[in-house]
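Same chain, two partners: chain A is paired with chain B first, then with chain C.
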Partner chain A sequence: IIFYIFSTLYFQLSFSPLVPQENAGQFFSSGHTNNWAVLVCTSRFWFNYRHVANTLSVYRSVKRLGIPDSHIVLMLADDMACNHRNPKPATVFSHKNMELNVYGDDVEVDYRGYEVTVENFLRVLTGRLPPSTPRSKRLLSDDRSNILIYLTGHGGNGFLKFQDSEEISNVELADAFEQMWQKRRYNELLFIIDTCQGASMYERFYSPNLMALASSQVGEDSLSHQPDLAIGVHLMDRYTFYLLEFLEDIHPSSKANMNDLFKVCPKSQCVSTPGHRTDLFLRDPGSALITDFFGSVRKVEITMETINLTEPIQQRQKETYSYVDQLPVSEIIHQKPKQKDWHPPDGFILGLWTLILLVFFKTYGMKHLKHIF
Partner chain B sequence: GCPKDDFQEELVIRPLHSGDIYASFQFRTLWETDFMRGNKVSHYRLFPKSLGQVISKFSVRELHISFTQGYWRTMQWGQPFLPSPPGAELWVWFQDSVTDVDGTWKELTNVLSGIFCASLNFIDSTNTVQPSASFKPLGIGNVTDHRFLRYATLPREIVCTENLTPWKKLLPCGSKAGLAVLLKSEKLFHSSFHSQAVHIRPVCQDWQCKTTSWELRQTLNVVFDLHTPGQGKLEWSLFKMFSRTLTEACPLASSSKIYIDITDDPQGEQFEVSPATHLLSQAMVLGDRRTFSVYDLTQQITFGTVRSLNLLIRWKSRDMLRPLLHAERYVAGYGLQTGEIHTLMYNNHPYRSFPVLLLDSVPWYLRLYIHTLTVTSKGKDNKPSYIHYQPSKDRVRPHLLEMLVQLPPNSVTEVTVQFERALLKWTEYTPDPNHGFYVGSSVISSLVPSIVAMDTNSTREQPLFSSFFPCKEESSYFMRVYTEPLLVNLPTPDFSMPYNVICLTCTVVAVGYGSLYNLLTRSFQIEEPSPGLAKRIANIIRKMRGVPPL
Partner chain C sequence: IIVGVPLWWRTTETYRAWLPVSQINELSNLQLQLSAEVEVVFARGTVTPEQQKKVPLTQIQDEEHTVDGDLFINAVCLVVTKIRRLQGNICLKCVFSRGHSFEVQDMDVYVGQRRTALLRIGAQMRVGKTLDQLLAHLEPRIKQVLQVMSFSHTDISAALSDRVRLSPGNKESIADSMRTFKSSPGYEITFSLLNPDPKSHRLHWDIEGAVQTYIQPLLTKLASVANFSIDSQTLYYAMLGVNPRFDSSLSAYTLHSDSLAHVINPVEARLGSNAASSNPVLNFLLYVPDAHHSPLYIHDRKKQEVPSNAFHSPRWGGIMVYNVNGFYGPEAVFPVDVNINMAKVMGVFLAQLRLLLGVQSSTAPSGFLVAPCGSNGLADWELDRLMWSRSVENVATATTTITSLAQLLEQIGNIVINDNIAEQVSSAVTSLQLAVAELETGNLRFALQYSKEAILASERAFFDPSLLHLLYFPDDQKFAIYIPLFLPMCVPILLSLLKIVSDARQKRREKQAKKD
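== the complex of A and B ==
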């Protein structure tokens, strides 16, 4: 990681040899100290292959630009790569004629299949997860994190469909972001959505430091790009296809800013009109770099201290061990029945007995009690 | 001094009767440390830290987890070295110091779901069982109180590259050197059967067994289909199977070997392996003595002058040893209300009978009627010598049925039980309920009589594939067979009905009430129809004349 920082510095220095101090200064003066990405594909079933390909292509770009797997929460609602309908298993292609395999050999999906629900998505964003959730499934961001959130799937005016069985509305999403702001879970947040009528999802945002991009306006449908005849389904959506093409030109020390991102996929290529929203963003979008959200910043402190490692003391065990008999037939046949733990009688049984006793005493009177005691 | 650790890797290639080829990778790390006795382990070298922390935090005595895609076809491929059911399977023995086993089990499944990128967090009380006689510990130990054992399967779990990636990262050399270089997902998942597993258990270090080590075995079994690459010839090479060749052994490994099963043809007439090797080894595996050609990757000479090893295997035909035990399971019946589960167990030994332990874990939404349970062999009733049944509780516990059945020689034993399908609550259906609901595989554990005397000395230098199940007696060996999982359709409601009902009701109310309201509140007036053109002109003239209109 130290070498990465130094090599990036060197990159910066080598790009403009005339003003090295200025570039180095810019590197250290960005407002965030770590980057996170939450990438969600919400569609199930084989014909929604393109949504998984969309999410995986953003995942590839974000990994390439430096965000590590531990800082990416990837949610895929269905498995396309090892689906039995896939003619080339363990691959997900984004270009026809199978040019680019966005699934690759090194992928870690954190939420998959039935786990991708509205509840889990909102819990990841707000951090309110059950205590036994592993680290890879948590968004452990703080107030100096820049977060990239990418959603894709089927949507409509004001909602996004999850797995064809439930929906998230734009009001819920705006409230989740407000919860994140109040708990100081982000420094700046970039929200990208590629669905039909995507602009409706960011209409209701009201928290500061949010920037949003959508693939189509309200009333418009986002269209898919190209089918592949061997696989038999559409491979990518247009907006994400041109977004991927744009991101392929970005490298970790690129100076491209958000205004270039807004120009991705004009109406002539996308057929729908991409939209964006920057009024809640406090900085000027021209001063926000693409790598502020898609790349990664890792600050490293170098220390010269040394620590002495002590050798552990080995204890010698004295007992003799042996392997267990795998199928001890005679032992099993003569197994004693398990001693069931004694539980106090259930409420229903208690009530029933009380009723019986009450009826008995009411019928025969209390004088019979003396026969018992 | 520092606890010693040791890493061995091996690959066994066994050409199969049907032309397919079976490759089994095993990576074993032995570590002489002790997680349990209080001293915190902080320096990890070959043993992966994530698993070491799991063992010490959850007081795990044994952990076995496997992810499988595909079903092992025993009749065509013989017996596997390490059996596994389709989907994910996890069984864990906890130490006897654990007080709340269920709580620890829940936390352990969540942590493992993060390590292996799988949805193991769906393991809860509705699919966990506590077998009473199956799944005895495979490692050393004296205590076998089944209170500390938990077993769960997820038959729906998908295995893909995202499960292979963290699995490979647990290896000391990763996927950069040694045999793990061959593990490329594009080829591994384009196969008939793929299974990767992690087994952790304490083992004896030497024959005296006074000291123990922790053993971590990572195994990967794959069967490549003859017809998938397109050629159909009985010719396989490492490059054809894995699209890679080997260039070096893992530098951290003390032994790195490839074994090729040449048992049926030691002279080399029907069978050809190149580059040739003079190293031969015999091993007792699955009740049979097999001969193997050995390639030692730690010797530079194995790689030859090209410094890369691409084994080529060619054979003409091959006999298969008829498997002594195999099983089938299917659902009989019609309709969406009732059904019957049939489990068939075949004993193909001509004169010996042997006992099998059948473990069935059926989800609560298939309500089993145990009074209809029948076990028949050769047409006659076969009474099990041990039955353990734990009934299910709706939404809390699945059914657990364990039976010890003696299989007569050369026979088929059929176990049938009738069930009724439950109607789930609306929110309990998955997003794709018409796919069906899975019932996990049955597990059949048995002591199968072996053809040759098995080796009971467990600590002699043996290849890894023959030393997994501990062997207590010479005349039989332990084996586990898994049946197919079942896919049953539950009565599924039409989920669009709430919307339809609302639309219909609102329409009826609007039309019915609206019309009634109009009828009651509207006042009617009689209106003359407007007169024709001629009459209108005549009326204008009459108005001008001052005469009343027509």
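== the complex of A and C ==
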């Protein structure tokens, strides 16, 4: 997708007016320059193997279509590949007969195990992370980023269960997206959820440029696809299984659009009815390409001009650094101990002293108190 | 009750420091006024002395522009005819001169490297004409120069696009706004050398010297706009990911422009970035094709060779293909030592850097001749232009942040507002007001500084980790806690109260009966 600009500063050339190309329409139709993905699996325990496999298969498709690890925030609540009950360690399969190992060799999990909490998820979305958080755990999107958010796990009418102990409600999710919009942290956002009664999670959205897909309507359960007898658990959920099948046919230069995505997994294949919501999306879904969200097709412009540099490179003295000089060793050695604030004595010390005083006065009787006071 | 209720109230209320809400609401109805000063110099022989005496000393031109009905921008232009150097203000000079100093016949305006523009005065104006006609001839031309060298309606609208999302109007400005990085306090620039074939080529590039000589002057000049940190790396066995086609007519390999979009992704995974900072990264890649696929040329849509052999991606960086097969013959012993010509490479990277940072303007109107930028890589007026748009962008972003933060905090009554957040918000509001005032008077440097302070404070306040509404209890959960505790206690109290009331009533009735 190329756009031409005949630039002005090309030495003493005369100027020609701007010539837009035929594909200029394509350049402007999506309006995004980078892609991000936030993929979350919220369930623990071995029997929720399928949720991890769901998330990892979406991760795999998204990476294959071009989004690099630095732009993917992958949150897995449990480790299935190295689980003690996994008969094939270091693998997570998505199809029975172990056809497709979605774990691979270069999975980069950003939030793992107990770090996958509602709080961390909301912090990632809104950007309110403590300053010590490394770059790989942040969602550094700007106003020209298209973000794909994929949630899977156990859910209900209006909530999604995290780690078997807490929930995120659809109101909180809608508020988080609104805060993202206020700070222009996304250009367009595609929200996919594969849980029971998933459609309830996107009912409350009110920010612009959101498109949502869910695997089942309110009152319906999302069902899993098939168990594998060797591994002993269900491997994938139906919606994500057919979604993965659909995505396997997409390659980076594909022109398939969102209307094809809505047709994935009809009621005959998934027993539940998948739903979608596009009223908040400003463009026509038919003009939004699958690769706008799942892939990372960069816009490219040819560099038409150069600058003529004539100065020779200055010869500088090569400075050699020694390791010792780069560490403030003297500062570290001669550090003064930090002033600690005085706290009143802790509960245990207080209790101990009270006990001693009581015992003292009990043994010696109350008359002595009169002498003291 | 007298003691308990206030005590309970104090201990369970959330601490909310005071925020200047009225000032924040004022900010949301922002009226920006931008003023630029222009000094107009008439060279000898252009206007007669009588005309010169009659031209007014200062003239202010106001232009009002509305952006989405929300913001009003006035572009104010002061025209001073005396040759007087104004202290401390950055001002443009428009020098009118006769035609013979222009070599090229079509050019009417020559824009210099500093802040001077040389305008050719029309032949018909040399003859004595009335004052109004002279002014009518001068003003639109000065306005045009001002639009090119300082700011124009499209520039400011693009800078405000964060606050007001515009419908696609001018395709040029949209491409510009999509390409340039958003205003940020710091940027990271990474230069990478990709060598897919270390068995054949041993590449040497003096990146430190090249950066010091060519790139650093530009960055030093831009130091008031942002901080830059530069690093470099060499990647071996990094493939392009796209198969180039062999063109027998050129006996070279070609990369068609359609496939360029897919080049970046396989490489980006290996590029890496500084884990400690969250600044946007500009990547500049130098790709040396392997010996079997040399030489490699990039072709545009019309199947013509691109002279720079480079392309760039908006908000990401640039890639240049550098062919080294010309440096050695077929009988060379592999691996061959190759010294890369850094001047040529940096020429391309510098041009791409200027585009990505928003320094480059797209097109000048016809009749303008712009001097090539100097050894700094940046003309003074280009820096001014950048500073105008950055200041406006910063002010708009900071305003949006503060107003949406105030709205959010009002909506969710349970969030604790710590003192440091209130401090940041207050300082952001003050800096914003100062920045708007400086923009009005045209002090660019101060305006940019204040706007940067405003942005830093507002971002710190908005993204403070403690502002998470999840951590605070909504009202229905509060009731759920208190009811099981207080309801059993309240029942006997209420019943006894009722008993007291009924007893008192009965006594009163008895008293009444006794009286009667």
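Throughout what follows, the second predicted complex is superposed on the first by the 267 of 373 C-alpha atoms of A that agree within 3 Å, B and C clash if a C-alpha of one lies under 4 Å from a C-alpha of the other, contacts with A are read in each partner's own complex, and residues count from 1 in each chain.
Here is the rule we use: contacts are C-beta pairs under 8 Å (C-beta built on N, C-alpha and C of every residue); 3 or more make two chains touch, one makes a residue touch a chain.
Predicted model only: the values in this text are computed from it and were never measured.
Enquirer: By residue count, is chain A touched more by chain B or by chain C?
Expert: The partner making contact with more of chain A's residues is C.
Enquirer: If you stack the two complexes on chain A, which partner ends up touching A:Pro252: first (chain B), second (chain C), both, or neither?
Expert: Touch status of A:Pro252: second partner only.
Enquirer: Which partner does A:Leu229 contact after superposing on A: first (chain B), second (chain C), both, neither?
Expert: neither
Enquirer: State whether A:Arg135 touches chain B only (first), chain C only (second), both chains, or neither.
Expert: The answer is both, since A:Arg135 touches chain B and chain C.
Enquirer: Based on the superposed arrangement, let me know which partner A:Thr91 touches: chain B (first), chain C (second), both, or neither?
Expert: first
Enquirer: In the superposed arrangement, which partner chain does A:Leu309 touch: chain B (first), chain C (second), both, or neither?
Expert: both
Enquirer: Can you give me the overlap between the chain B contact set and the chain C contact set on chain A?
Expert: On chain A, the residues that contact chain B in one structure and chain C in the other are 130, 134-136, 309, 311-316.
Enquirer: For the complex, give me every residue of chain C touching chain A.
Expert: On the chain C side, the touching residues are 106, 162, 168, 171-172, 174-175, 178-179, 182, 206, 208-210, 212-214, 257-258, 260-262, 264-265, 268-269, 273-278, 280, 298, 300-301, 306-308, 310-316, 318, 320, 342-344, 346-348, 350-352, 354-355, 360-364, 366, 368-370, 372-373, 375, 377, 400-401, 404, 407-408, 462-465, 467-471.
Enquirer: Going by the contact rule at the top, pick out the chain A residues touching chain B in the complex.
Expert: Residues of chain A touching chain B: 44-45, 79, 81-82, 88-91, 103-110, 112-115, 130, 132-137, 163-165, 309, 311-329, 332-333, 335, 338.
Enquirer: Touching residues of chain A toward chain C in the complex: what are they?
Expert: 1-9, 11-12, 14-15, 17-18, 20-21, 24, 27-28, 31, 33-34, 66-70, 118-119, 122-123, 126-130, 134-136, 138, 140, 142-144, 172, 175, 179, 182-184, 252-253, 296-316
Enquirer: If we count contacts the way the header does, which residues on chain B are in touch with chain A in the complex?
Expert: 1-3, 32-34, 37, 39, 41, 43, 69, 106-107, 110-111, 113-115, 117-119, 121-122, 132-133, 136-142, 144, 156, 158-162, 165-166, 184-186, 188-190, 202, 204, 208-212, 355, 357, 385-386, 404, 430-432, 445-447, 458, 469-470, 472, 478, 495
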